[in-house]
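Naming follows writing order (A, B, C and D), and every chain is counted from residue 1.
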């Protein structure tokens, strides 16, 4: 396995296997699907909508949404388009499908019909098949993206792309490490190379599908350099298979300076790496995820967290923001709650869109830090891969020079421990095996000493736990009582 | 726990195809610090793994987490499987975000109690609540 | 009339008159009230709570709230303390009382009893009298402030201060120009000198009552220099009568840079003027009002506006923030809606409280602008008053060197016209008679040309109207369609 | 309005002890631009001022604003006063934030219609809506 474009033959051979893995696979006709895509108007194609937003400096809104049954799902999306004024729509896939458990998904569909409410936490697109997907995409007037969390999404990609979706989220790392326990990185890279090649194939035939990397990873105190390194790696993997429209993502940390620095840097540094590897004709856009960790239960407080995320997304100039809802702490939102999150977000975006935050030294300094960290990680990864990012990722995760906190997967060391500094920016309590310079190590140490002093306690795992709960309890930094 | 006494053994895990690992890690941490013996089978755990672990370790209590919304499907039949496996009177607690969507919890509680769970908890229940209830149920001071 | 401390004799003579103007006046016994205040614990005294917050760099929350009947009002305040976690409570006075129409207020009380719902938009404290006020203040555990909009609040002050309130909002300008049509400035200055002297009298006897100026004025695109000049003037008026605890206020503009600059400058420059006039022992705190203009009707959008205001208040370091509610566009909020606004606000404040926005050139530049403008206005006012701010205000408003936009009063020229620039900061379309330097005039002209160019239209009153509607329609800057 | 025809005369003002001046200024501006003759008596206007202005100018329509919540008290008896003053068939519109609090508007509308207002509008009604209705009621194309 290497980060090179798959041979057509190899790809086509694999396709046959993949399409056989569940009956609906037989519904896919690639040539017919390419023609189908060619007829989709530009305002319903992610790439074009993203490109326009990028040029205009606007931030688009997108919810998460998916229910078990086709008609309900369509109703849901239409509602979010109309009442939520969503610029982009999603189809969030259920967790059984994500783990290729199509039989359980089938049970979920049947139970949902029987009980008259969605028993699945998303839309089981594979079970529903190509026609159903087209029906979904045709029923709205904006692009629809497949959003999931699937280590092996080859069949899902085949069916949904044939089904008219123009955007596909995920990646070999971002949809493996936070979403599974036992999938080797080599396996998920192979499977995602397939997906990327499939999209590359569409691209070769003039059809642009956008590929988005899932920036937030475990959603839990992920330091920007970690998600940046992963996003860049996934961009390089996708580009190698011929993908030409790529979005890289980032999950809000909560400290405004760090968030603006991170999202600004993300687009600059990813472009640089793409260029360095010879990919010069790629449309690169950014995605900002509103706070991905535990939410407050109170809806007013949730609105505040949503609004704060919208503000950072807008001020940071992200191309799109993924929106949370006031139901976040409880469960999959009703369509009404989902629309509320969207409308609050849009109000903030519109209020900040003309505001420029310029000449801020703190942001520049933070950019320098994240940049140096990200580069150290990627350099080490590439070294281990002898210049090949795919091999480098496998070896890098093994060595822990790249690592993801709080992940279920046993293929990441899980040695790094993040924690907030005294201003709420996410720093490292434990750097694990990350290949950071002495300067960077000292930087983090100093930052945590600063906080420790204020709180009159040593930085420890207790502090981390406090930080994990903090936002859901109404704070950014998890202080001990009365601090 | 009263020092010197046998430690209460708790099997902990996240059921079904659920990968939410954070709460699980924290629960392990907190329950262990409280003095319980925790056997954490982690995320993505089928009912069988909970039951096998409980039998192997002669556990007193199984604490099931389900965050991702499929709890209702994933937990069905668990009590029956316990009975089959000969641990029919095992204490079963369940918590997390048990069902799809924001629902009135009294209703949800009923569903899980009817399934044979001894206790079922609403979203965002604090670990302290869990500890308090364990102590009550197992008569620990 | 001059800005000098009233003679005791003059004051006591006036008191007799004032207390006779409505039967409940006879309930006031000043010496007994002073003793009553001495027994109030510090955590229920505004000054001490404000001082603590100032020292700790915290931002306190305070709602607006008032209903017609005593028991309902108490229930309301208790609810806001408990469910809204309000740090400070208000008692908002109804509009009849504000205009000294105690007979109509009485009708309102009776109608409210008859119909079983509040028919008044606030609490008619004068009609209810001293004991009722004490009952209100005693029923909660945080300080309670009288918030109103009364050009002649002498009796209101007598009764509410005797009634145990420890904070009193308003001022000769801020509670006249936006709140009446026909009250000469000289009259309102006299009446507010009385109030300030009354508070000074309490102070002389060791009882600190906080005096807050109502920064937002008409709440409608008020440029910071205007409200700053007025706030400083009212601080000087209060200080001259012996008031020792003063809060100055500012209404959110919506542009983050301008808002942070304004609130930061407000405390610095007011301190400077107080010092210049020899008042060195005053506790000065600041108040930030969440957006005071028209609100969006949609509650999710309203939450966004509330959150954005909370963010600016927190990042700007205001001592307290006055909180709006998701019902703002409709009517007096229910207690539940009021608590929602408070909780959203607190969540944001807690999330931003440890975040420092430093080294921002844009903020420094904005501070310089507002400072120069404010100083020009105050200098001109003081010149006209030959160094006396009271006389200067009367002459200054007459001359238009100080002026307030969109006001009902005929005692302000109403010649200045504010409008937003291309980034949403509030600038001047028409400078009226404000004594601005050529540099400042050019600055505003350039800023508006910039916006005009972007929108392809000449800055005009149409632009102003668009700006007035903008936030309620979901934007900050009122662009023409499709801009 | 049709050019050459007599201009429709509208008395505009904010009733009672209400000082909300902004909407009033905008309404004056918009109605005037639309071609109506506007007599704006401004804020803090008692019922009598509306009626006197209407009589003096032989107005066709009185547009009452009430924003601050006392609309219900302030507007009571206005139709009766019109009748007394001999302009009993005057068209009366009212709008703004008519009552205290956020209420179902159908109820509020009923209250004001029973008071004798020909039209009553909910919060945030656009001036365009007002213009459209005036044109309808006065048969202006």
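What we mean here is this: a contact is a pair of C-beta atoms (placed from the backbone, for glycine too) under 8 Å apart; a residue touches a chain by one contact, two chains touch by 3 or more.
Here the structure is a predicted model, which means the values were calculated and not measured.
Note on connectivity: the fewest chain-to-chain touch steps from chain B to chain C number 2. Mean C-alpha positions place chain C and chain D at a centre distance of 30 Å. For this pair, chain A with chain D, the centres built from the Cα atoms lie 54 Å apart. The mean-CA centres of chain B and chain D are about 65 angstrom from one another, to the nearest whole unit.
The touch graph of the protein chains shown is a line. Contact between chains, using the touch rule, shows up for A-B, A-C, C-D.
Contact residues of chain B toward chain A in the complex are 16-19, 21-22, 25-26, 29, 42-44, 68-70, 72-73, 97, 99-103, 123-124.
The residues of chain A lying in touch with chain C in their complex are 254-257, 296, 298-301, 303-305, 307-308, 310-311, 315, 339-348, 350-362, 422-424, 471, 474-477. Of all the residues in chain C, the ones that touch chain D in their complex are 94-96, 98-99, 101, 104, 107-108, 111, 117-121, 149, 178-181, 218, 220, 293-294, 297, 327, 329-334, 337, 406-408, 461, 465, 468, 472.
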